[in-house]
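Here come two complexes built around chain A, the first alongside chain B, the second alongside chain C.
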Partner chain A sequence: MNAFAVLRRRAGRWALNGAATLSLAYILLPLIFVVWLAFFRQEIPSFPPEGYSLRWFAAILDQRKFVDGFSLSFQVGVLATGLGLLLGVPAALCLARYDFTWRAPLGSLLLMPLIVPGVVLGTAMYVFHVELENALDVDVIGTFYALVSGHVVIVIPWIVRLVTASLSGVDRTIEEAAQNLGANRWVTFWRVTLPAIRPGIVAGALFGFVTSFGNLEMSLFLVGPGRTTLPIVILQYLEWKIDPTIAAVSVVQIALIAIAMLVTDRYVKLARVV
Partner chain B sequence: MARLDIESLSKRYGDFHAVREVSLQVADGEFLVLLGPSGCGKTTTLRMVAGFIEPTAGRVKLGGREVTLLPPWKRNAGMVFQSYALFPHLTVAQNVAFGLEMRKVPRAEIGKRVEEALALVRLGGLGGRLPRQLSGGQQQRVALARALAIRPDVLLLDEPLSNLDAKLRQEVRVEIRELQQKLGLTAVMVTHDQEEALTMADRLVVMSDGAVRQVGTQRDLYERPANRFVADFVGRSTFFEGEVEAPGRFRTDGGLALACVGGTPGRGALALRPERVGIAAAPQSGLDNSLPGTVEFISYLGALIDIHVRLSPADRLIVHVANRDGAFVPEVGQPVHVGWPAAAAQVFNE
Partner chain C sequence: MSTASERPRGRLLTASALIGPATIFVAASLLAPLAILFRYSLNGFEKTTKTMTEAVTAANYVQFFTDPYYTAALATTVEIALLSTATCLVLGFPLAYVVARTQSRFKHLLIIGIVLPLFVGNAVRAAGWMVVFGNKGFVNTGLEWLGLIAKPLEIMFTEKAVIIGIVAVNLPFMVLSLQSVIESIDRAVEEAAFSLGAPPLTMFRRVLWPLALPGILSGTILTFILAMNAYATPYLLGGPLFKMMAPLVYNQFTQQSNWPFGGAIAFILMAVTLSLTVVANLLIQRRAVR
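Now for the complex of A and B:
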């Protein structure tokens, strides 16, 4: 009976490990192929490769639209994340700390952009921008600021979610202790609350930035002439060519995000917040 | 250090009276303990003194200065929290320095005072550690050092020992009390643990349902409880339900006639401390009350032996016998005689 129980437990562990490995492979395989492809020498991707080269990485730099797209995506991502923090952190504090009538609906509303399809979000924003432009008589559609404000919307859910999660782990009495020792509300926030929720803020900002940087569907509705984010540049390029340049661009993108995660993880253990 | 005056302090949440008209004076250098079951309003009272809760009515004066409506950071009351509430991202020394930085104490002096405070709680040399690297007892001492470093007018302790294990609690109890006496601190502590309250306090305040039931020394509360609640809450008592027939005469619902001191005729209860009752195999002469009974239950508590004696179908009496050589210790089922002087019992009218 005992041997049977051990066997069952071992079988269970094998099943679990197997399932985990399969899921991981399912996620990683496309990435691995993209990275592999980026180093192929020939123009038309085919297996097996004729040889390997770095020419596609060089090709990126030869084409301004990739460089511009990258730069725009980066700027939008940074700005949207910054604004998202300014709005999202106070929102999370409010949701976690105060009980008011519209708390639950407001909380759901702030997480909504995670669920609403990007195309729907983009259409809605486009229509909103048209109305706004008509009403205010200033340029809105296709401007940089319109693009950034759209991205703020998809950044906020990440920040709200992760900051709320880290707030729930903070003992509120440490704030009382700070006040008892002579710190007013403002000092208490800066010296005690903020450091305590920093992991959540950093992780929220990172995920928000990555979401903004990789966003395609919503951005399609928000970009203007001569102002295209990297994912859109990639899409447009793919309509005409399928050489490994795109794979090389993706590799650069993956590498940057991986580095950002690794660096962040050194300061804040991401596994603890997410 | 300074004196603390609480004047008719009340706190109401809707229809719920958390604290009703509490008035207390704590003298300079006095250790006052608020004792009561959970939900009795003792913590709410303490938090109103600290400034975390705004009272509905009444006043709080610290060293003669009215602080009732001041925010916590303008009060100079040092608090030790039940969870210690150490700042997890700061080292022990930084934790202790926090209050001094808020008071704009010069850097050089901060270092000196932090060291002093840590030495006071015997944690010198651990200033560089983070709170999570310390044991529960050490964290508790850091919390104490942090509260003392600001040289508060009053030290507030909110169940400071309840997260420590029993052995450590007894040590820290004595340690805090000695420190308080050595430094002449004015202190108010909240606890539900009566042993803790009895060992540490100069004076105790027993609370229930938001109101003060009695204020007094350990001896006052134990020997002369003001009401049935205090007699029941502090120490152990056997209560006989019944009627005062005349001053000095009490008849239990089980029909026993007992001699007592005073009492006004009417329904009431007679309270008796278990260690004031004598127990023997034969009737006891020279005592106002001597009754036969049967031993129903015995438990051995080490220093004491706890004996439950059935006196009538409705009356059961608890007797404590000191565990000494030659002590009379009966067996379950054995007929015995119990006795006590009239003055040993107390009568509470309903």
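Now for the complex of A and C:
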């Protein structure tokens, strides 16, 4: 290779790294500005800031709606993830280990909530709840249970997808060896398969929880009076103003999600699951 | 698990017991609601009393396609989705390539940096852009300080702001789709092209691009679908009057209480997204075969 070609390749490498850095900065830019704003001393987001202060973080606790929204989102997320695991892990086992006529269509059905627009999911569930309420004569619209069941629908695809992927990496012969050595199917599942797919389950649960916690569009139609999830509280606040308080709320949320991801990264390589 | 000694009927029974509950649950809480919404979209609507009337009519669909106000909203949505998807592809490829090929031990931090914004929520990221683009925001103050502009640029509540916001939201999905495919391409193939004297751009066009085509296709389709369905970003960065399809559905349901028309818009949105996706798929596959 002549010197000119080497030079050209080096220039290419620089251009590539520069472009990649710009893209990453673009992705992170809105988050950086939200974090910056949370520490401003003045209330109006103007530049340069007049000084820095931590008081907006204390102000979060004075506003009941943020605390209530956080607590509701957390409860719904935990419940929906738990129920999603109960339904999704067996379904993933079936999709990965059994061959039957309906496998492909059923697999698509379970992943479908990922591609239906959130607004359409929400409106469809809302009219469904109206019909249910009329037919059964019990409260459905805007109840906690209706909200949780909606969230289970959007958690299931993540769990099915990640657990199925993780199962396809498990060597079938190890399971067969366990059964040849006299283990029944339950013992084989509990002692061999489950430990092998634990990373997939952890990743599925994390992605499911975070999807539920951050869901906005669908939840808009499922929440009731006095029962609002955190993303909706944030949206409604941003409709009329942007100030360091809302930025501080966002920083708390960003920090919690970042910690959850760093912890998960210890168990499963995030690069492999998304 | 399954063994060879298991009889077919026993296998089928176990399989159904495993997948049955999830299937029934998703069918009942996704397919049934969609079916009811579709049925509603064929109903009539009494404007004076704001009540739904029982009917089987395509009037809502006809109204959508004959009113320029709504067809313009559909055109804006498709235009923004196409523009933002193309931008995502151009911006996403270099980053995906660097992430896929890096040997750094900080690779996982790089990936967390890309994935984290996905989980922070669109509303929070829209808030960030509001700080950047507002009248007293970072960009306007900076440009005024430099003496480049006399009065603040109007960026918020324009199509530009919406596209910038949607690209930032969708870029991580594009990067992750591309990165997983690039990682599976053998480095030696690139080296072979270089050692045969190909300049980087030729290598990209003749080797990398064709081999990465499946990832390009899946990433493009994913970001296109997400852009078509965007709600929070156009609502917050485009303003309440900015017309894209998803905010329109929301508005018909909550502000106008017109469920049949809202349902019709929802199904038009899904049908247009699906058909454009299928067409793109066919076009690209035909080109790949040639």
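As a convention for this text, the second predicted complex is superposed on the first by the 253 of 274 C-alpha atoms of A that agree within 3 Å, B and C clash if a C-alpha of one lies under 4 Å from a C-alpha of the other, contacts with A are read in each partner's own complex, and residues count from 1 in each chain.
Just so we're on the same page, a residue touches a chain if its C-beta (ideal position, glycine included) is under 8 Å from a C-beta of that chain, and two chains touch if they have at least 3 such contacts.
Given the structure is predicted, the values throughout are model-derived calculations rather than measurements.
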First, second, both or neither for A:F39, with chain B first and chain C second: neither
First (chain B), second (chain C), both or neither touched by A:L181: first
Touched partner set for A:F70, first chain B, second chain C, both or neither: neither
Contacts of A:F100 with chain B and chain C, given as first, second, both or neither: second
Which of chain B and chain C A:V127 touches, first, second, both or neither: second
Contacts of A:A5 with chain B and chain C, given as first, second, both or neither: second
Touch count on chain A, higher of chain B and chain C: C
Chain A residues contacted in one complex by chain B, in the other by chain C: 176, 179
List of chain B residues in touch with chain A within their complex: 50-52, 71-73, 75-79, 81-83, 85-89, 98-99, 102-103, 146-147, 150
Residues of chain A defined as touching chain C within the complex: 1, 5, 8-9, 12, 16-17, 19-20, 22-24, 26-34, 36-37, 44-48, 86-88, 90-91, 93-95, 97-98, 100, 106, 109-110, 112-113, 115-121, 123-128, 131, 149-150, 152-153, 156, 160, 175-176, 179, 185, 188-189, 193, 210, 214, 216-217, 220-221, 231, 234-235, 238-239, 242, 246-247, 250, 253-254, 257-258, 261-262, 265, 269-271, 274
Chain A - residues contacting chain B, complex: 171, 173-174, 176-184, 187, 191-192, 195-196
Contacting residues of chain C [partner chain A, same complex]: 1-3, 11-12, 14-15, 17-19, 21-23, 25-27, 29-34, 36-37, 40, 91-92, 94-95, 97-99, 107-108, 110-117, 119-132, 134, 136-138, 141-142, 167-168, 171-172, 175-176, 179, 194-195, 197, 199-200, 225, 228-229, 231-232, 235-236, 246, 249-250, 253, 259, 262-263, 266, 269-270, 273
